[in-house]
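What follows is a set of structures to go through.
Shared between the two complexes below is chain A, which has chain B as its partner in the first and chain C in the second.
Moving on, here comes the complex of A and B:
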C-alpha cells in the first residue's frame, strides 16, 4: 500500500473515531450550557476546515471569511423567513451562494500574489460586514437584528431543541470533514500543496494555478456559508456584529492554533478558541490577556499547531517505549 | 462646507498616514505584515490619556512618556517574541503579530480599564477660522507634529546610516549581513520606530476621538488600507494613501452617509487592487522564482 493511500485510510479511521466521539458527547451531555459551547465550537470548526484548506494547504491567508459566514447566515435566514423555503433548501443555497460569490470575486483577485489576496479579502470582509449592518431592510442591521421564526426542519420533522441542533451540527461537521479529506487526497489537493511550495514549479508541471486557487477559495467560502446557516438556525435571533472582522481573525487563530497541515486541527483549534474564554470567565479583566498569551505561546513554540504537537508528543512517547 | 470636509479629512488622514508609515517601515525591513500596528496607536492613546487624566500630568509630558513606553513595548515584542518564534516565515510571524495584538489589548484592559477616556487637548485657546474653515486646536497640533515627524523620518531614511541599513536588510538579508549589518537589530529598530509613530498618532488623536482598549483594530485596519492604497513598501505612498483615505472617508461621510463611509473607502481599495495591485505609488512587482 502506498504512503498516500495509507494516509487516506488513517484519515478515514480518524473520521470514524471522531463520529463516535461526537455521538458519545451527544448521548452523554444534557447540560445545555455545555451543549451550546460545543455547538459554537462545531459551527466555527466548519468554517475553520475550509480555511485550513485555503490557508494551510494552498497558502492563501484570507482575512475575510466572516463575510462568507454572514452571507450564508443571511441567505438561509432570508430564504426561509421571507420566501418560505424549506430550511434544508435554505441551507443548500446558503452553501451555494457564498461559493458562487467566492468564485466570482476570487477569479480576478487570485491572479494577484498571496499578500494582495490577504489585503483584498480583508477589504471585502469589512465591506460586506458593513453591508450587513447597514442594509437594515434586509438584515435588520445591528438593531433590532434578524429574527428567524422558523426552526430547522427536515420535511415534517422539526429540530428546534439545543440537543437536536447538536446532532445537526455534528452531522454537518462529519460531512465537511469527509469532503475535506477526499479533497486533500485527490489530484486537486496534491496540486494545492504543490502550488503552496512553489507556484512557478506547480505551473510548470501542468497545474492551472489560478483555477485551483479560485476553486479552493470558493470551496472555503461554501464551508463558511454552511457554518453561517447553522449559526442562523441555532441562534434564530442574531445581528450583524456576529460577522465582523473579529470573526475572521478568530477563524485564522483557530487554524494557526489547531494545525496548518491537517484538517483535524480545525476541531482542536475551534475547541480551544471557544472553550478557553468560557473557562477563563472567572478572571474577568485578565481574561483577554491570558487568552492572548496562551495563543502567542502556542504559535511561538508549536508552529504546526496543537494537533501536530499532540501527534508528535504521542509518537515520541511510543518511540520511547519501543527503545526500552 | 467642501473645504471644511477636506481639511477634516486631511486631519484624520495624517493619523492614518503615521500608522501606514509604521507598517511600511516594518514591511521594508523584515518583509512581514505587522497586524499589531493598530494596537500601538491604541496603547499610545490609552497610556497618554490615563497619565493626563488619572495622574494629572500635562499633555506635553504625558504624550512623550507614552510614546517612549510604546516604543519599548514594540521593541520588546520583536526581540522577545517574534525573533524567538520557532518558525521564521513571514506568514507565521504575521499571524503571531495578531496574537500579540490580543495580548497587548488584554494588557491595556486590565491596566487602564474598560472605560472610554476623554483626555484634554494639548493646549487651550481657539484658532480663528481661515476661509471659513474651523480647525480645532488639537487639529493644529496634529498637522504640525505630523509635518515635523515626516520631515525628520524622511531625513533619517534618506541620509542616515540607519536608513541605509534598514533598506539594505529589506532588500537582501544575506547581502546586508555581509556588509556588517545585523538584520535582527534592524528588525527591532524597525518595530521600535513603528511603535513610536503609532503611539504618536494615538496620543495626538486621543483628545479628538477618545481612548479605549478596543480602538486598535480600527486604526490597524485604516493604516493597513492606507499602506496598500499607496503601494505597500513605499513611504511616500503610505503618507499619500493615508491622506487620500482620510479625505475620501470624510467626503463619503459628508455627502452620503456616515454609516457607509468605511464601505466606500474600502470599496475604492478593492478597485485599486484590481486595477493596479501594487498601489498608487508602488513600483512594479517582481516575480521571483
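Moving on, here comes the complex of A and C:
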C-alpha cells in the first residue's frame, strides 16, 4: 500500500475513534447543561471544519462565515415553518443555498487577494447580519426573533430532546469530517495547498486557481449552512444576534487555536472555545481574564494549534516509553 | 515548429522589459535564451506560461495562440516550467508536490473527491505512480519521498521542481536558470537529463547563465539584451558574433 493511502487510512481510523468517543459521551452524559455545551461545540466545529479548509488549506481568511451560518439557519427554519418542508429537506437546502450563494459571490470576491478578500468577507458578514436583523417579516429580526415550532425529525421519527439533538449533531460532525478528510486527500485538496503556497506555480501546474478558490469558498459556506440549520433545530427560538460578527471571529479563533493544518483541529478548537467559558462560569468577574490568558498561552506554546500539540505530546510519550 | 514568438513586447509603466522580440523554438530541440541580467528573459518565460500578459505581439504554440490564455490553460496544453526562485509548495512532501504537478493528468473535482468515488481512488494511484516515475527520472532517492520538499537541500529541491514539471508529460518545457545554485557535478547531471529529454522529443526553452551548459546543450541560442534580440543561431555562430561578444560574452571573458 502506498504511503499516501496510509495517511488517509490513518485519518479514517481517527474518525472511527472520534465516533466511538462521541458515542461514549452520548451514552454516559445525561446532564442537559453539559450536553447543551457539547452540542454548541459540535455545531461550531462543523463551521470551523469548513473554515479550516478555506483558511488553513487555501489560505483565504474569511471574516464572514457567520453570514452563511445565518443563511443556513433561516433557510432551514423558514422552509420548515412557512413552507411545511420536512426538516431533513430544510436541512439539505440549508446546505445548498449557502453553497450556491458562496459560489455566486465567491467568484468576484476571490479575485481579491489577501487582506482585501478578508475585508470584503467582513463586509459581506456585516451586510447579511443587518439583513437578518432588519428583514423582520422573514427572520423576526432581533425582537421577537424566530420561533421554530417544528422539531427536527426523520420521517415519523421526531428528534426533539437535547439527547436526540446531540446524536444528530454528532452524526453531522462525523459526516462533515469524513467529507473534509476525503477532500484533503485528493487532487483538489493538494491543489488548494499548492495555491496557498504559490499561486504562480499552482497555475503553472494546470490548477485553475480562481475556480478552486470559488469551490472551497462555496464548500465552506455549505458547511457553515449545515451548522446554522443544526443551530436552528436545536435552539428553536433564536434571533439575529446569533449570526453577527462575533460568531465569525469565534470561528476564526477556533481554527487558529485548533489547527490551521488539520481539520481535526476544529474539534479541539471548538471544544476549548465553547466549553472553557462554560467551565469558567464560577469565576464570574475573572472569567474573561482567564479565558484570554488561556488563549494567549495556547498561541504562545502551541503555535501550530492544539491538535498538533496533542499529537506531539502523545508521540513524545510513546517515544519515552520506547526508550525505557 | 513548436513555439513561435513574434514581435513580443512587455511594458511596465515606463520600462520596456521586452521589446519586439521574435524567435522560434523548434520541436524536439533545446533552444537557449541568454542575455545579461535584466535582459528580459524571465519576463518572456512568464508571458509564454501565462503568468503575465504581453503588451504586444503573439505567442503561437503548436499552431494555436497562447496570448489571452490563463496560466492553467497553457499548462493544460502541455507546457510546463520551472522557476528561478523555485516556488516549491510548502507544507507538502516531495511526493505530494510532484503529484500536484501531475494535476492535468486527473479529472476529478471537489464533489467526487469529497465522496471519494472509485474514480478518485483510481486517479490517486495514477498520479502517485506518475510522480514516482518522474522522481526516479531525476534521481531523487526514494528515501526522501515523504520528506517535506522545502526542507531538502537546494540541489535536490531543483530536481524535485524539474520532476514536478516533467510529471505532467509536457511537450514544451521552460527552464528558468535550472543550474543556478548547483555544483559542477549536479550541473553535468542536469545537462545529461535535458539531453535525454530532448532525445525523447521534448522541446526545451532554456534560460541559463552557465555558458558551458548552454553551449554544450543547445541546438540554437537566442541572445538578447535590454529586451531586444541581438542575434540567434547555433552555439558556434553566436559565440563568433561580434555583437554578442561585445554585449555579453566579452564581458564574461573579461570577468574570467
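Methods note: the second predicted complex is superposed on the first by the 323 of 324 C-alpha atoms of A that agree within 3 Å, B and C clash if a C-alpha of one lies under 4 Å from a C-alpha of the other, contacts with A are read in each partner's own complex, and residues count from 1 in each chain.
Note that in this section a contact is a pair of C-beta atoms (placed from the backbone, for glycine too) under 8 Å apart; a residue touches a chain by one contact, two chains touch by 3 or more.
Keep in mind it's a predicted model, so treat the numbers as computed, not measured.
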Examine A:120 and indicate which partner it touches, taking first as chain B and second as chain C; both and neither are also allowed. first
Examine A:295 and indicate which partner it touches, taking first as chain B and second as chain C; both and neither are also allowed. first
Chain B or chain C: which reaches more residues on chain A? B
Touching A:249, do we find chain B (first), chain C (second), both, or neither? first
Considering only touches as defined above, state whether A:200 meets chain B (first), chain C (second), both or neither. both
Can A:61 be said to touch chain B (first), chain C (second), both, or neither? first
Tell me the contact category for A:134 with respect to chain B and chain C: first, second, both or neither. first
In the overlaid three-chain picture, which partner chain does A:109 touch, first (chain B) or second (chain C), both, or neither? first
Considering each complex separately, which residues of chain A are in contact with chain B in the first and with chain C in the second? 198, 200
If you look only at chain A, which of its residues touch chain C in the complex? 2-5, 179-180, 182-183, 185-191, 193-194, 196-198, 200-209, 215-216, 219, 261
List of chain B residues in touch with chain A within their complex: 33, 81, 84-87, 91-92, 94-96, 98-107, 109-110, 113-114, 217, 221, 224-225, 228, 232, 257, 259-260, 262-263, 266-267, 269-270, 273-274, 277, 285, 287, 289
Residues of chain A touching chain B in the complex: 59, 61, 108-109, 112-113, 115-116, 118-120, 122-124, 126-127, 130-131, 133-134, 198, 200, 245-246, 249, 252-253, 256, 285-293, 295-296, 299-303
Would you pull the chain C residues touching chain A in the complex into a rising list? 49-51, 70-72, 75-76, 80-81, 83, 87-92, 95-96, 99-101, 103-104, 106, 108-110, 113-116, 120, 123-125, 127-128, 145-146, 164, 168
